[in-house]
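Next come two complexes built around chain A: one with chain B, the other with chain C.
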Partner chain A sequence: MIELATVTKKYRHTMAMDSVSLTIPDTGVYCLLGRNGAGKTTFMKLIAGHIRSTSGTITIDGVKVSPGRMPDCVSYIESDSVQFNMRVSDLIDTACLLQESFDRDFAKEMTERFELNPRKRFRQLSLGMKTMLTTIISLANNSTVILLDEPTLGLDPIVRDRFNTMLLESYDAHPRVIIVSTHQMDEIAQVTQRLIIIDQGKLLMEAGIDEIDEKAYTLSGPTQEVLPLVSGLNCIGTTQAGGVLAAHIFDQRIAVPEGVSVDRLGLKDFFINIVRRENHA
Partner chain B sequence: MPKKAWTIATVNMKNIHAAYIATAVVFLALVSQYVVNAILAAQGMDISTSYMVSVAWAFWLLIPLTAILVPARNFNRIINLGGKRNPFFWGSLMLNAVMAGAVSLVTILIGYVVDPAIVKSGALGGVFVIQDIFGWGAYGPVVAFLQQFAFLFLFGSFVHTLSAAHSKWYGLVADVVIIAIISVFTPIAPLRGALVWFFHTVLFASAPWQILTCLVLGVVIYAINKPLLAAKAI
Partner chain C sequence: MNDNQPVFEQVMEIIENGIINKTWQVDELIISTTQISRLYNVNPATAMKAISRLTERGILYKRPGIGMCVAQGALEKISAERRDVFLHQTIDAVLLEARTLGISLQDLIDELTTREGTHSHD
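Right, the complex of A and B next:
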């Protein structure tokens, strides 16, 4: 469905996207992870046709994407995007007129659920409410590709939880490609199916959440007992405290002797170790 | 497509508050001339030889301000509501035509109803009326409307295109080229003649020729927006 072939994007002296090749063949909720400035927004803008790649090609359903050919099937709105200072209801009505496949009922239901006052003007909303309105406008578009850039920015934990529910409901109603960039990793892990990790403009990994759940774990125990176990495994990081070594592994599970424990490696720790390893490489 | 383009035109029309405020301020400033002259006349001063600028001129300000604000400020907001570049192109063209039409209509009404009434009263002095200055009134109000509409359409297209180009280096180059043309052409007689010919054609030429030139040139200049929009980053 979406294919990036050695896509590079350079801003003057900054390499925002460095020869990224990636195929997203099926519908699903994809989580785009990366540090600040890793290239997440550039990645999304390139797919949406908001900016032109320096080299490489992006195709969606076989059709090449560029600013001159912004694909109708992609909906991308930055969470901190500027909007007209119109009433919430007017913004939704306008989005409905501009987007052919806009689901007004869904947008209306979500504004009620998130207690967005339809009579309030955009500038009167809090940061979290602005983000939520933008996300609702984006999700209400029944495009085949939805790109959500930091949709949980400024949201409190309860609203973030409601957002995850909304994301799943939207996906269940209209299965499609939804790519969500966020720093709330462990929360998004509950709703996402695949992970895309980028750092310094490079694609570090594209894997299923199930695969990460299965393969990412921590071996903890006395250093002299853990070290021999780690050799031959894909160790993505270690933490040493006294005589105890915690080795973070992304590989097949192994049988461990008594005295060595195996713990699940959370998505946040997995991400930190993967990125740290790459930076130290 | 026409529905989306019209939506973009109306949304833009509702969201150019700065243009409306600036126009209102200039309008009030021009109205103040009438008030001052009325006060002076009430105090017995002879103002029959004084001239005022018609309030209609204030509405001309809407054309360049709209043409600047729409591509420079509103474009990203339209895209952030799910709009696309192609409907934006057509929507902005519609808005340019609507604004040129609306401003022409209002100024022609003022020029044919309000300004003559003031002059006729003799109490407030004379008025610089738009259609009289450009000679657009020779064939009556309808032709005057069309001539003014065509010129404002060209003016709006030019400013819109220049404003849209400003997100890239070639916008600044275009500024330099325009300034260079005016400053180089003006002192050299044959080139100055070319400038005079151009402004004469778009402002003072015979009605059919002036209308045709302005409309064709306006469309051609506006068409430059197509590649400019395609290259514009969001």
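Right, the complex of A and C next:
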């Protein structure tokens, strides 16, 4: 279990993390969403103990995390991660030697699936493939918390799709906490169980993907028909044009009269509305 | 998947359809959540939610160590529910659209009678 209690991280002039309290009680694939500069990397580095919080505490299974006590059970993978410039096969062999419970079969199968040439040296790989290899190595070891910072950056759509499948397979085989940050929202929506949305260092929302499937929708139709329906619902944003109103709702579904249509609100549009609302507040 | 219903409801319908058209019979194993998520490109958590809702409604039950199976009387339960929806919502929608388009009730009845006539000759 990971627990953040009013965690704040201040750099000289910026508030990178602003009194964030959050509990991650169970294993699962969590998706960390936020704009560039929202504090996603700070969030991950704090949990990994790579940086010290200005105030507040972070604990993993009751043990306090800090740079002086970096938790062994956590792997943090940056999108521009660096490995020794060895051959792919040698990097895997080394990881295998260093960690008893390293799942060599998984690592081998995944390098084949992602067409990672075992004879290539690390620096010869593209950005996306470097991240992929590091991700494979961390999924194959016994970390109970895996933090992946934009792992799909620089990957083509086909590889991204295989990546998501790998994440699910790895999670099914070894359930644990996997936190993934990404901008590819509608893709990660197929995989993740819960979402953590941050903006300007603040935690905006923590919700299950199934809650968004059920409760995030758009009511659209003639303004005078839609407006009375919206009152009493949690409206997260509106768009209006030519007498037609589209209201984005995050609440219970309601029965609508003829002439008003209901559409599911995708994760990307949900995110845009939630962040926009926060910036206007 | 369509764009207006929550995905879990659509997955529930897929499973219900499979029970109605007898793809899965009473006490038989249904498709697994992993298979659902692969086949229809939906989140496994969403597939799981659909299955747990159907279990709550007594359509499915869990056979420990095996998986989710079709419950006794599931077909009848689904048919009764769908019948109810058809008699109310579907017919309401047809009547409303007919009114909007200026189709009289008699024309509608005539149309239905002719249709039913041709179908029964099939």
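In the analysis below, the second predicted complex is superposed on the first by the 276 of 281 C-alpha atoms of A that agree within 3 Å, B and C clash if a C-alpha of one lies under 4 Å from a C-alpha of the other, contacts with A are read in each partner's own complex, and residues count from 1 in each chain.
Just so we're on the same page, contacts are C-beta pairs under 8 Å (C-beta built on N, C-alpha and C of every residue); 3 or more make two chains touch, one makes a residue touch a chain.
All figures in this text were calculated on a predicted structure; none of them were measured in a lab.
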| item | value |
| --- | --- |
| Chain C versus chain B, contacts on chain A by residue | B |
| Touching partner for A:K9 - first (chain B), second (chain C), both, neither | neither |
| Chain B versus chain C as contact partner of A:L97, first or second or both or neither | first |
| Partner chain(s) touched by A:H50 [first = chain B, second = chain C, both, neither] | first |
| Which of chain B and chain C A:R176 touches, first, second, both or neither | neither |
| Touched partner set for A:G68, first chain B, second chain C, both or neither | first |
| Residue ranges of chain C in contact with chain A within the complex | 3-8, 34, 37, 41-46, 49, 93, 96 |
| Chain B-facing residues of chain A, complex | 45, 50-52, 66-68, 70, 72, 75, 77-78, 81-86, 91, 94-95, 97-99, 102, 134, 137-138, 141 |
| Touching residues on chain A, where the partner in the complex is chain C | 168, 172, 189-193, 208-210, 213-214, 217, 253, 258, 261-264 |
| For the chain B and chain A complex, residues of the former touching the latter | 3-4, 7-8, 11, 14-15, 74, 76-85, 87, 227, 230-234 |
